[in-house]
Each structure stands twice: as C-alpha cells, then as structure tokens.
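In the two complexes below, chain A is the common chain; its partner is chain B in one and chain C in the other.
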Partner chain A sequence: MTVASDLSLTEEANLKQKQHGKNLDRFLKNIGLGLVISGAIAAAGFFFTPYAPNAPDFLNRLSPPSSEHWFGTDQLGRDVATRLLYGGVWSVGLAFLITLIGAITGTLVGLAAGHFGRFADITLMRMTDSFFAFPELVAAVTIAGVLGPSTANMVLALILVGWMKFARLVRGLSIDLAHRDFITQAKLNDLPSWLILWRHILPNIGASLLVLWTNSWSRSILSISGLSFLGFGVQPPNAEWGAMLLSGKAYLQTAPHLMIFPGLAILVTVLTINLMGDQLRDLVDSRSTISE
Partner chain B sequence: MLSVDRLSITISKNTILEEVSFSIPEGATLCIAGESGSGKSSLLKALNGLIPARFEKLSFHPRTCPAITHKGRWQGPPGLQQSRWVMQDPIAALNPRLSLGASIGEGAYSKRLSGAEQDKAVAAALDDVELPPALATRRPTEVSLGQAQRACLARALVAQPDLIFFDEPLSALDAIVQKQIAATMKRIQARYGNTFVIVTHDLGFAATFADQMLVLRNGRMEACQPAKMFFERPASRYCRDLIEAARDLGSLPQDPLMADEGHQ
Partner chain C sequence: MTDFASRLVSAVLATGRRLSGLVCVLLGISFITFTMTYFAPGDKAAAIAHARYPDAQGFPPEILDGIRQEFYLNEPFFVQFFQWLWRFVQGDFGNSFASNVPVLEIFLANITETLALTASSLAIGLVAAFCLSAISVWKPGSLADRFAVALASIGAAMPNYWLGLLLILLFAVELNWLPSYGTGTPAHIVLPALTLAFWIMASQTRLLRTFFLEAKSAPYIETLRLRGVSEREIFWRHIQRHAAVPALTMIGLDVASLLEGTIIVELTFARGGIGSLLAGAVLSRDYPLILFLVMFFALVYVLINSLIELFQDALDPRKSLELLSNTDVGDEVRS
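Right, the complex of A and B next:
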C-alpha cells in the first residue's frame, strides 16, 4: 500500500478541520438538546398549570405575583404565567412557521434564479427587489387595512415580506458554487440539474441558510409581537406576548407585572435565538475560511 | 484513438487557441506542455465541451462527430461520452459534504447502475487507485491531498472510460506523492489501456510518461512530436529553451540520453 506516506502531508490542516467539524456537530447537538429541554418544560407547564388562558376570575383581578399566580393576574383575573405559555405558542411557533415558509420559498426562488438562465434570473430577482421595497410594518398594516386585522392576515403579510433575504442569499451562494470544480465534474458525469441542486448545491449552502434562518426567526418574533401590540396581529382574547403588552399598557402604573413578564419573555427568547445564530455563524464562517 | 484537426477557440473576438491539431493512438499518452496562459487548460475545457470551439474534424473512437460550434451555454461533451477529466485541485473537485464513495459513484451515473452494482464498481475503482475500501465513507476534508487525488482518479475510472484527461494532476502534491500517483497512473494505463491526455508543467514527468508531446505557446502549436524525438531533437528554438530550463531546474536529467532511458 503506497498511501501511508500520503498521510503526513496535510494532516495538521485536516486535524484542525476535523476539530472544527466536531465543534459544529457538538454545537448543533447542544442546540437540539436545548430545544428539546425547553420544549419539554413548556409542555410540562401546559400540563401542570391549573388555569385556562382565557378563563376570567373577577375576584382576583390585577393581583401581584404570588405562590398562587407566579406572574400575577391581569385585569380580568387571568393567570399571566399561563397566558405567557400559550402566548409563546403564538409568538415563537408562528414565527417559526413564517420563517420556515419564507426560507423554503426564498430557497426555491434563489435556486431557480441562479440555475435556470438569465431570463429567470432577471425576472425573479427584480421581483425580489420590488418585494424588498415594502417595509414589513407598512405591508402588514396595508394588508390588515384591506383584509381586516387578524392573525391569518398578519401571517400572510409577514410571509410576503419575509422570503426575499433567503432568495438573495441562495442565489448568490449557488451561483458562486456553480463555478466550482466539483459541480463541473457532476455536469460532466451527466447528473441531471435537479440532482446537482439537491446533492451538491443545497448541502453546501445549508449552514449559511441555517444562520440566516435563526436570524429571521428572532426578527419574526419581534414583528409578530410588534404588530400585535399595534393591534394588527393576534386578536384578544387570544394570548400573545405583544397583545399582552398592549392590554397591560393601561395598568403600567398600578400593575407593572402585566408588562414586565411578557416583555421579559420577548427579550429572553429573542436574545437566546440571536446568540444561538451568532455562535452558529462564527462556526460556519471559520470553517469556510479554513477550507478556502 | 483521438484525433483533432485544426481546433480553434475564440472567445469574444480574442483568439485563445489557433488551429491546434494532434492525434493519439489508442492506449497512448499525449502530454500538453507550455507556459501559463498558453491555452493548455482552454484546450481541455474545449475538448470537454465547457467552452465553445471550432474544429475541422474531431474524431474519437468509437464515435465521430462532425464540426460542432458550441453556443455560450454548456451542452455536454461533443461525442466524447467515453471520457473523464481529473482536475488539478482534488479538494475543489470533490464535494466537501459528500463521502468519497458517493463522489466516486457519481462517475458512473450515466451507466444507471443499481445500488449494489455501484458499490461494487466503487470498490473496484478504489482498489485500482490503491486506496483502502474504508476510505469510501470519509469526507474529502478527512483524507490527505494525495488520497483525495486518488479518489478523483477513481471517480474517473469507475465508468471505465476510453479516454482520461488530466489537468496538472500532480502539481498540487509533494514530490513523493507525485511519484507514487504517477506510478499508479502508469499501472492503470497498462491494465486498462486508456488513452491519456495530460496537461503538465513538468517536463520531467512528461519525459517519463508521454508517447506524444504537444507544446503550446500563446495559443499556437509550437510542436507536436513523438516524445522521444521531442527530447532529442525539439522542433523549435522555444522547445529547446523549455527543455534547457527543465534541465537547469533539475526536473530533467542533464544528459539527453538519460531522459531517453526514462522514457519507455
């Protein structure tokens, strides 16, 4: 076997890279574990809470945090902790769904623009640009104005203005990749373009997509809360963090816990997802600089 | 047998290559030498259908194709389906997210093999390039450069092509690995009788490998001679200078007779 001496050459660089791959793998596993644990805690919360999110209790209106009501009760006597739990499903879950749909749409548009010729590229990217021209808030307010304020309309608005970043990223990265030698080899080996996209392009842009996705996930949580706070999003009596802030606003002087806890929930969640995205980006970036 | 008659490449009115002709008998090796920018790599790209080229006639056993003018878009190799291409940088030529086995298997994609058949073909190709079977599950970043280049060679071999193009296959590697892989290439050619077209800077390597030499300079053919004759009586002043330079650098033996011995 003549391979033995081949080994020493790039061993050091390889070791570094392997170490890095392990870091990334470990990080992704930690994220997965973290999500499972927080999901489990939230599920346990749903299971153990003795209160319903929308059941009023007029004897206990605006009571401060206590052992009965950990985060106090609101103006109708509803348990704030329970409402935060249910509201989290709206805020975090809807944002997850919106960004997922946005990511899939944007990826499809970006891949199509990057690989189906100049005409497709120009058409799709000008379309993307014109969508970029609408600020999120304005688009959502307009749609709410035309179709009426509701959760579905807000989701529609956020999906409409949320996919373009993905399209741009995917188009750029995949055009860059298309000139790489391994894509040329795949073409010379007669692979059909869908298989080249699936096996060669997508796996190599996946990490960057994941970073952008965590970023827009947290932004989307803020958008949902912001729109609900303005009254264009999730409608009462449904609990949502932004909507809870809105209804607590009137009691800021007498019952500040009505705004503190939803505010903290938004802060902690967005901060966590952002930090997660930052760390992910660092790992992805340093990995790509090694392999260049 | 591959023969190319008066191949020219013109890209937006710049002539990259002008009327290059050569022919190689089956199972022989053509080495293409020349300085950077002389059009060596463009010639390979044109022969693989990646850039448009004109030619009077290009015939390749068993297929013959008439003059084809490519338009800007990639249309696939003209009549050279039984050819494969090994590139210079093995790391760039392998998908970093795909195992070596999967990459090698893609070489046989056009044969539409079943899963088991493909595994068998990949194992055979790994054996041909002297890589342990266990490497099939590794990623390109987890093996050495030499092993990665062997994997690229395996990907080329797995479809059992008549013709293999090499674009500076050894220049990314260090001297010992170069020697080992050159030996592997020789063994493969002896076993399967593939025709090799090798672009190289290294005249020392060419002297031990080539049956036919093609030297390009500024997009023109400077020499096209049998290798033995090329090293004894180069066709032009420029070729003599090239050989002298290689001797001075020590990649060719000083005595022309020794270069002769190295050549089979």
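Right, the complex of A and C next:
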C-alpha cells in the first residue's frame, strides 16, 4: 500500500470518527434533554400533587378519572396518579440499581475470564453457562418465594440471575481486543494487567456495555413489576406498578382505570428505554474504528 | 482415506469436548438448584413428617430423627447434595411435601396444559410474525413496514400480564365472548394463547424482518433478479431458505422463554399447568416439587440450546471447522 492511500485512509477514518462524535454528541444531548424534562415533570408532580401515596380517603373509593383525581382513585380512595409517580421510583429506580450491580459483576467476571488464563476462562464460563440455564423468572420466583416474598429478596434474586449476559459480552469483546497491536504494545511495556484492563480494554467495550445495559434495564422493569404482580416482589401498600395492577385486578369490572393506568405506565417507560437502546445500538454499530 | 480418518478423529474430539462441557453445566445447574433450597429457612424434617402423617398434631423427636437419618439432613452440605443428585439421576424425585404424592405424577398431570398453551401460542405467533415480516420486507419503508415495526416494538415492551388483563376486559367483561379465568373448555385457552402469541409475534417479526432483509441484499439475489426470476419466486424459493437457519435458531430460544412466560400467564388466567404449579410449590415450600420443576426448566433450556447447536452444525459446513477451536457451550447462540 502506498503512503498516499494510507494517508487518505486515515483521513477517512478520522472523518468518520468526527461524524460519529457529532452524532453521539447530538444523541447524548437529546437523551440529556429528555431525562431533564421527564425528571422535571416527575419532580413537579411530587411537588404539586396534593395527595399522599398511601393516604386513604374512604369517601372517594373507586372514583373514575376526574379533574380532582386525574387517574381516579383506588379501592381505598388513594389517588392513582400520585401512586403512579411514587411507583415509578420503585420500578425504574430498583431496575436501575439491579442492572447496575449486574453489569459490574458481569464485567468483572468477563474480564477475569478473558485475561487470567485458560483455567479461569473455562471455570468462569461454565459457571456462567450454568446460571444462564435458569429462566430469569423461574429463578426469581424460586429464590424470592423460598426466602419469603419481600422487596429485598426480589432484588437479590434478580441480581443473581442478571449478570451473565454482561459476563459473556465482556469476555468475547476483551478476547477480541487482546490480539490488537496496542494491547500487545502495552504488555511489552510491562504495564500491570489491571492497568491494561482499566485503561485500554474497558474504554473500548464501554459503548457495547451501555447498549446491553439499557436493554437489561427495561427487561428488569418488566421482571420487577411481573414479580410484584405475582406477589413475590414489592409488597402492598407500597405503590409499585405491578403491585398496583395486582390489587386493581379484583376491580376489573367496576373500576377498570385501576389496571389501565399502571400498565400504561409500564408500557410507555419500557418502550422509551427500548427505543433509546435501539438508537444507541445503531450509533455503536456505525462506529468502525477503535479509539486507542 | 487418511483425510476421512482425521476428520473422524476431529469430529469425535469435538463431540467429546461438547459432552464434557454439557456435563459440567448440568452439574453446575443441579448445584445451584440445590443450593437455592438448601439455605431456605424452616425445618425440613417437620415438613416431611407433615407430608407423611397429615393428621398428626405434634411429632415425637424420634420420628423427626429417623427422617433426618433417612434424608441425610444431619450430614454436611456436600453429602446432602450428592445424595440428592444420586437419587435424582436414578429417577427417584421424591414425594411432594404437601400431598405425599410422587413428584413425577403431579408433574405429568400438569404438563399437558402447559404444552397445549405453549404449542397453540407458538403456532399463532409464528404465523402472525411470518405474515407481518413478509409484508414488511416487500417494500421496506412503506406504511405496512412501519406498522409492523411499531407493533413489534410495542410487543417487546408489553407486560404480558397486563395484556392478559386487557384481553379479559375486552373479550370476557365487555363483549362476553370468551371465558376469562380457569380451564376446562377449549375456549378457555384462547385468551392465554393470544397473550403469549403477541409476545412471540413481536420478537419473531423483528428478527424475521432482519433476516429477510439480510437475505434480500445478498449478491446472488441480485443475480437472480437480473436473470429475470420473478420477485415471487425469489421470495418463496431463495430468501425464505436463506433466512430459515437463523430463524429456526431464534425460534428454539423463544420456546425456552415461552415456558417461562407460561408462569405469569397461567397465574393471570388462573389456569393449571407447571407455571402455576411452581408458584404454588414455592408458596407452600414444597421442596421436592420445587427442585424437580426448577431442574426441569433448566434442563429444557440446556437441551434446546444443544439441539440448536447440533442443528447449526449439520446445516452449516463452515461450523464443523470452527468446532475445533470453539470451546464454549452455546456462546454465539445467545448473546
């Protein structure tokens, strides 16, 4: 290859990277704006709502949506809109926490499998395969049920079954990276392996991790509300979306608004996070060069 | 001849590696399953005694001690584990704590309902997914395409217990066409099957659409088109076959998740089946039944995964070469 074509190739790569950087900037700004707006709406809700999430009002039981109670009231006269707001903290926040811990655990396992020799690799990946064989819900129902239904046990169960995807992804990517020139160079320069992992491997797999993490965040919201709907998760009177659906199920005929609004909240939230993840994945896929 | 011999040796080696990996994973699965119930609170000896003598009020310590001896409950963790595993491998799954009936009998009485639900929802979902994705790749970017993609996105975000409730509200409460809860008549299966089918439809439409589009952009399709082969023939004879291998892989994985989905749907519609059996067993702490059911779910998953791999190897000649360097069980299947 001649020097000239080599140069033009790098220029093209630079250009691509710049373009990609611009896209990413715009995307992050959009996400940031979206988060700020939805956060502001939620905060304004907390501030302006005149009702407490667990305060009963027996004169207004099961009243349909009105100007006073936008989404109606439930069987104890509690305001559904207020409970939805507070429930979001449970569903979205807990899912955030669970997937964060899962991502960190999985990343550590994956890095260890990819970098500490064949024995560690085989042992850790067999372990990952074994955990993978348990359908998330089966394991979560069993653990949460055997230990006793409570929020803490559900969180424990979902963390236990949520880290394997990250381990597989990180292991695969870091093994791919290990043969790159800049890693070899770092090894030749006697850099300690934790420094190589921290400074050269992690930054290069970060984007893919982020995509997977968004994906499991939304799945985790579905799992949490599903488990709560089955009675194995967040317990009443706490306002979790799945738990609200469970208590609304009994009033299906007389007050359908009790089950429509919590379900809608789950659907819209999960859909939003999924779309965000899709966009993020397209961005990551379009990136062709690796930053060193 | 030597070529054949070396191929044979490599195939045997690869199979051996696979099998040893499979055995490791099976051991790991049983270990995790056993550990989940081992650390559960409560006196297991008393639970077994209750199952055996349902009418007795209290139990003398001799009986409890006898039970502990019989089930190795005083032994250390690993002895208990291997005792359980040995019995399990021999086909002795124990009796239910709640009813003292063999676990296998309870399981066989319930599995048919789950299988009927799984099969019918899979059939409905796959047909719908095939139609939607075929329409959608006919003219990518068209209104129909966008509709299919939007439907698939909504389906992926839809909590299936909520969809179940909505269907009950519409078809059972408002229109009064179909029964809402329970089992019995064939009409009882319609709403649960539709609920699960919607999810299958969503995930498969998305994947099939991608596979079809990939197949459509393959160079040989363009060649066929230039040679004057009609679009219809290209779709039915070439694109379809091209997309069949990845599609079958993903359908296999969906079957595994479908079994998981039956838990929520069976409970939402108050149906019988192994999903509601598991939930009931967990709530009543019926450990032999829990152990058996969890092992069942995990084994089905491993089995399906292994079958998919075999199937891929058989269909794709490139894979048999890769086998030699590949040491993982199902790494690329589920990413």
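Here is the rule we use: the second predicted complex is superposed on the first by the 275 of 292 C-alpha atoms of A that agree within 3 Å, B and C clash if a C-alpha of one lies under 4 Å from a C-alpha of the other, contacts with A are read in each partner's own complex, and residues count from 1 in each chain.
Here, a contact is a pair of C-beta atoms (placed from the backbone, for glycine too) under 8 Å apart; a residue touches a chain by one contact, two chains touch by 3 or more.
Bear in mind that the values here come from a model prediction, so they are computed numbers and not experimental data.
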First, second, both or neither for A:138, with chain B first and chain C second: second
First, second, both or neither for A:125, with chain B first and chain C second: second
Broader residue contact with chain A after superposition on the shared chain, chain B or chain C: C
Which superposed partner A:229 touches (first chain B, second chain C, both, neither): second
Partner chain(s) touched by A:186 [first = chain B, second = chain C, both, neither]: first
Chain B versus chain C as contact partner of A:199, first or second or both or neither: first
Overlapping contact positions on chain A, where the chain C interface meets the chain B interface: none
Residues on chain B engaged by chain A in the complex (per definition of touch): 48, 50, 74, 76-77, 84-85, 87, 89, 91-98, 102-103, 106-107, 109-110, 130-132, 141-147, 150, 155, 159, 173-174, 176-177, 180, 183-184
Touching residues on chain A, where the partner in the complex is chain C: 122, 125-127, 129-139, 141-143, 145-148, 165, 168-169, 172, 218, 222, 225-226, 229-230, 232, 242, 245, 249, 252-253, 256, 259-260, 262-263, 266-267, 270-271, 274-275
Chain A-touching residues of chain C, taken from the complex the two chains share: 21, 24-25, 27-29, 31-32, 36-37, 40-41, 153-154, 156-159, 161-162, 165-166, 168-169, 173, 256-257, 259-261, 263-264, 267-268, 278-279, 282-283, 285, 290, 293-294, 297-299, 301-302, 327-331, 334-335
Residue numbers on chain A that touch chain B, as the complex places them: 1-3, 5-11, 14, 17-18, 21, 180-182, 184-191, 199-200, 203-204, 206, 291
